[in-house]
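Take a look at these structures.
After this come two complexes, each holding chain A, first together with chain B and then together with chain C.
And then the complex of A and B:
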């Protein structure tokens, strides 16, 4: 794999490079192209139903076809286009802006991309499984459960699974970006000093880490309702969908809460990168530094935090009481105010500037104007009395398109802005300006009439005749908007050959580091180690770096923010690798960084096959079942291959790492991942509490749970897990003392106790599945009632965590037997973090599901 | 409400049409928001464009060279001067937004609970959504697919769903609430205009969502009373038939 010069990476002209690459710039390009493909996909669907809406009635697509087009358009644009498009830039630009040579975990980054691509492919395949998802992008329950999905509903299941795959990609990406930004900044760059686009990405990934964990919980539960037959989101008081006649009155609202807890932060997740691009373009093309930059940043931080406490404003009509409505009205207004400040900050940045109306600036300015309209119409929705009547109408549709598509507008600006950097060629400025003009007219012709025709209910094809003129206008606008994108595609494609050479920096007053290197930048980005120690960007050569890091010269690494870098900082940098499961491959000194791995592609391909198989296992079809099995095995095998592959991602010898100077890369990654896992379990536990309260906390136990569900198996398992956690600590101690036998024995003990936990659980479940009592003549299984669903799924998720832990533990026991970890217990520590976490989760689940 | 039914048959106290209907509340607030929103929008967009055009790059020397420092390549990102104006503008916009919302909040309590009118008796109707239609159940047990109500009375709705998440709304009368299986939500309206209106579904509920529409008839008091007197609580087969035909119509 390792070629001395190209580090195993074929040239860009070779197709195989694009399957192998782990370099952030290549992956950024892949993200951009893939996202644009999904823009076209989602856009064509939109044009289809805009055609349908020229006149009232479903004469083109049919009623179900219309619902499918509307639903998948929303899902594709929100998930598969806009965020990944922004993350194309994030991948390409953030490492350059902060002075890193790549992301912290390059293979994980490639894995994120391939999971994203294959999740989109799975979404596409769903169109060929009868019908695809038709329940709206908000996927409200119980419409999203098989009972209400026409036909076999396999396409809908595929979409849910595709979203799970997408969420996995997002979570890996979030962990990767956070670790990168906290561990790999150029010397002298405090967090507040990093360029505004990178800062917007930082806050975006923080929101992603938690919001997508909640979405993951919602989707896992929904997938389980589809595939395993649990009944979280099913409500039936006639016994037609539930196996017993007990109903589940919390079903609908549970989905709404889980979805919107994700859904509102998602608005900012989508918009923040666009805001970052706008700020970046405003600075460059006005020749002014961002006015009120500090307050701009504080505003973004406030919004990021507050985004998690506004979700119920999507649910004002669900019967929540007045005090809660009032609180959510206040938080909603509160979150709109920082945006006022950001808008004015951008406006005043133009003052005394040298404004140049280049294509990127036109798109940024256009985005600002559209966002102002979107913001003002959003204030209408903040007034609850008005919100009640806007609920479910085109006012909402028009408002969020003005916000979200204004974000997309800014991102198109970003594409023009960074195109010369990415390709080394200049696009055609005239065509760019024409694109903007057509785009802006099309946009407003498409979305503004929707405000006028706001009385139209959302997602209908029947509307009142006197609104027809507005809907016809919108349709024309939609086609103009779509056509304008063709101009862009043509321009950017042709400019790859005909464009003038862009040079390092085609823009006057650009300041950020990506413009200080060649276009496109070399594989490892910088001519030396970047530093801002003396107030502006410079590069340290090898000699300088060697002088600074050798001997006991740790003081030279001292952080600008006053944090003392202890001697440990330098020593940490030698041995870290990007392998999640076995982090401590020993690497020999100054080895070149690796840039190629085929495993991320294979893992994702395996995952795709497995998920496609899973979508149809409930039919019992041999094809689907075998795809699930083969795909699952392939995924597992590829993950194992990835673990065994030597891959070197050296840490920067000198970097700004506040506030994580003393937390190594792997450990920080693990902690970040666990943070999102906490939200995942939190959402599961919250769901349990929610449906139980909706049913009646104490009736629950009496009505729904058999007497055979006793405490003892849970209690035994609590002791087993606690003891196993203790053994992991012993393994660390033994490794530190370099006792091979001790390490192996302790790890083997951990493994044995974990297996005991699973066996005990298996016996307990078998017993409950097959009880025959008066209340539960057919056993107490996953689909018996809502209590059994919550019990099996929540403890099952925990069991899956235990199983994954055991696989890692078995692998580590084997390696310990062969002499690994002696004198370096870090790998065991990382595993221990995970294992203790799983243990602690059980300490919550045990009382909740066995005692209360 | 059952015990009120006999009352309703013999001359019912009305509110005389001077009660503030939800539609009045909405329309007056919406109007203010539209006017102010348009004004603020035009102002801010104009202000934005003014800045963009006024400070466009011109040939020759930088006219503000002595007033502002231009950024240079590789500099540590910092903010530009002029932050005070940002705060003034932000302050003004914050005052507008907060005062507007605070002003509407005073109407919220009214829209939530509805009026309590001395001597007037509200009518309570249960609304049940199903794929794809609405059933209206009166205090005497009568079930129908057309909502008939008298003018100048406060009509209270208790809304739920038999299957999936719906949303019940009568746009002209500005009443709307979610219809959620397993939950009941409340809404109310009143109007002094007789006529036929439409109740629609505002939450995607399947292939028939677009045609999930029921007529709403606001009748003169006497007409309503004679209709209601003729209804029989125990016999509701006809409405079920209607419901089935509505449900079967789309697909």
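And then the complex of A and C:
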């Protein structure tokens, strides 16, 4: 491939390429390799505690060591292995399957990856800060708070911060994938027509967008309990008495609600991509279209929606009331029905087709069998009375490993399936089959005995001597499973050199678009703009595209093509830039598509240093404090560099965009992000409502809030924000009219009002911190009680949003002063979307925290 | 929308915010808490819808963008309502 073609991207053999690349295929490969690393990390921990469990008692790791190993194993596998592994495929395959040349925001995609990597590094570092988190992967309160964590607890704080970083990566990724899938499908490709794997990813990212926002809320609150000293998840506040919950009765249930509101969708987030791989492999290796494809899709959509209303089946043994348990038992049983349909669809596809037992198919079939066992045992748990018995036992452990690791099984199938596409080489089929055989035996030997020994209490290293034989079997199974993975690593590694050339499509009957291009595909994927307009895949050349887009306008280049550098500010290119001499696919504006940026790496590195510093600031140590400061500055600087960097990611000139036809990609990205922000704030406000209900809604105000906390500062701030919102729309009007003065003045006014808001808030807080009343002799600060915690943290999060908005606003004012935005107000509009949202949030915070 | 339209919206928002405070200053929060609660929350919702529809231009976007926003809102409300109900 020529230099001109690679757009400044070094060759794959060069190390620097992998730090610079923003190309979806490179990033897919990075995800796959990194995720496999975390699989080994989490797997070794598991082997350690399986060794521990050969006999009862903690004679190998010690009790705290055991708890750490179990907790971090769960976190690593659920967060750092399985979803990122699936998103390696998603990155690589989805753009190819839908006919896009990359994701909508390539640099954000790289940023997601680096944030993910560094969050994992932070997780690793936590092991060296005394002890890491030891309270179980579900991180139940109050064991997740410093008062209940042995030692200084800095490692635990790092884990919480690592999860926050991971969640940031996921949120950016969701926004990116949704924008891509709704703005960049090849012409003629309706949503329902996209290949089933891409469809499964689409639903996965929808769930991620909302579920991870709730997790983010939970984690931010927890981090604040750790670092700032709020008391959401603590029972007692004075540090002397721990056992009473009188002053914050909602503490432990609040965590459970937030966590499981995320947690149940999460299990489908883990499983859906695997389901997509299974469906894809079943189709290819039976040579048949999925039987009842339409119903399969409808079922997936139903499950994705329903997944948000079953979470309390994880809370049957808590103090929630019986009516709500019953409702959630019903929804849980309801959600298993669409799953049955999908399972039958896969089975019929197999029955009707002619099966070829290749390695990917074997893994898919194995995954299906394991999933059926896991699903059936899950239905047991969904029944309240049965769960009273099973909760907290190895039945649960066996159940979720059968379902989750079934998902991993399918994904290993996916690795074999797409390996020839990614590398251009064929793996060794015999070794692949041997891997499957050993894997399947090891898996069942590991997890099936857990059903038999279900009376073993979960997360505890002591168990009854009668059960020892089963645990010994499980340990042996664990080592067999681990060994089987070595076969895969060996096979895939050696085949890079010794494998036969795979050709474009090594699998007969594979029909999705990734198989229509070479292996590996060229940097920009397709030899032209893909279209399905006449029923099958073909490519339009420059002349064709120019002809199609020049006349009608409509959704063509002239209207909204080639607009925004991702994350940056809009700039318009026109169709006229296409030159007949350029290669066929280098159509309008695409000529300058960029593929390299170093900033995403730097932003993430800065974030890593900042978070590591934050984990220890409460000790006051100079090292930690300066790391936090330096890291924060570096992150900010790198973000600024990224904004200034010219980076071009053109929109497709012709594409299928239902149902967001007229929503330009930056705007859609912004709205998608705001939707997740709604859930974040919603979860904060919901937490406030929950702890207040738990305390007693009416007593709250009287018992916990000083009379000095008055309405006036809130009302003034409401006026300030409303006025600033008004000025933003005026800035838009001025920019449309090409009034440079007007635009600059309105933006400067917005900035001034926002600063006024923060100053007013600062004064108010200062006052409240230092009141001396009979009820609050030491002031009313973050740690005083649960009401002060909710007040400062929720309005503080809002204040942080205002601050970020002000930074952007200052930058835009400066640019407007220099003549930007005249005649093109889109950048102001997108900033406005954010700013108005922050305004809207305040419209609810004001009455809830100042009046009611 | 031109600046006149935006100004009308601004005035309405301003008046509603003031009305919320008046409800409190008039003592309604103390005398009839849940009535005051209802009035104030409804005012907030109306203001929010106004900002979203006009300042954020949802009125002029395809309906699908509104559904996206509603999706997030419903999720947050479901969490809040069900969690609160589970302990009463």
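As a convention for this text, the second predicted complex is superposed on the first by the 798 of 852 C-alpha atoms of A that agree within 3 Å, B and C clash if a C-alpha of one lies under 4 Å from a C-alpha of the other, contacts with A are read in each partner's own complex, and residues count from 1 in each chain.
Following the convention adopted for this analysis, a residue touches a chain if its C-beta (ideal position, glycine included) is under 8 Å from a C-beta of that chain, and two chains touch if they have at least 3 such contacts.
Just so you know, these numbers come straight off a predicted model, no measurement behind them.
Visitor: Would you check which partner chain A:44 touches, where first means chain B only, second means chain C only, and both and neither mean what they say?
Guide: After superposing on A, A:44 lies clear of both chain B and chain C.
Visitor: By residue count, which of the two partners contacts chain A more extensively, chain B or chain C?
Guide: Counted on chain A, the partner with more touching residues turns out to be B.
Visitor: With both complexes superposed on chain A, which partner does A:354 reach: first (chain B), second (chain C), both or neither?
Guide: In the superposed model, A:354 contacts chain B only, not chain C.
Visitor: Looking at the overlay, does A:775 come into contact with chain B only (first), chain C only (second), both, or neither?
Guide: A:775 contacts neither chain B nor chain C.
Visitor: Please work out whether A:804 is in contact with chain B alone, chain C alone, both, or neither, and reply first, second, both or neither.
Guide: neither
Visitor: Figure out whether A:546 sits in contact with chain B (first) or chain C (second), or with both, or with neither.
Guide: neither
Visitor: Classify the contacts of A:365 with the two partner chains as first (chain B alone), second (chain C alone), both, or neither.
Guide: It touches chain B, and chain C stays clear.
Visitor: Could you tell me if A:319 is touching chain B, chain C, both of them or neither one (first, second, both, neither)?
Guide: both
Visitor: State whether A:333 touches chain B only (first), chain C only (second), both chains, or neither.
Guide: first
Visitor: Based on the superposed arrangement, let me know which partner A:694 touches: chain B (first), chain C (second), both, or neither?
Guide: Both partners.
Visitor: Name the residues of chain A shared by its contacts with chain B and its contacts with chain C.
Guide: Overlap of chain B and chain C footprints on chain A: residues 250, 253, 315, 319, 694.
Visitor: In the complex of these two chains, what residues of chain C are touching chain A?
Guide: 1-3, 6-7, 9-10, 13-14, 17-18, 20-21, 23-25, 29, 33, 36-37, 40-41, 43-44, 47-48, 51-52, 55-57, 61-65, 68-69, 71-73, 75-80, 82-88
Visitor: Over in the complex, which chain A residues touch chain B? Could you list them?
Guide: Those residues of chain A that touch chain B are 58, 63-64, 66-67, 70-71, 134-136, 140-143, 148, 150, 188-189, 193-196, 235, 237, 247-253, 256, 283, 286-296, 315, 317-319, 322, 325-326, 329, 333, 336-337, 340-341, 343-345, 347-357, 365, 368-369, 372-373, 376-377, 379-380, 382-386, 388-389, 391-393, 455, 457-462, 505, 509-513, 515-516, 532, 535-538, 694.
Visitor: Any idea which chain A residues touch chain C in the complex?
Guide: Residue list for chain A touching chain C: 210, 213-214, 250, 253-254, 257-258, 261, 308-309, 312, 315, 319-321, 324, 659-663, 668, 671-672, 674-679, 681-683, 685-686, 689-690, 693-694, 698, 711, 715, 718-719, 722-723, 725-726, 728-730, 733, 829, 832-833, 836-837, 839-840, 843-844, 846-847, 851-852.
Visitor: Can you list the chain B residues touching chain A in their complex?
Guide: 25-26, 29-30, 33, 37, 40-41, 44-45, 47-49, 51-53, 55-57, 62, 64, 67-68, 70-83, 85-87, 89-90, 93-94, 97-98, 100-101, 104-105, 107-109, 111-112, 131, 161, 163-165, 167, 169, 171, 174, 176-178, 180-186, 200-211, 213, 250-251
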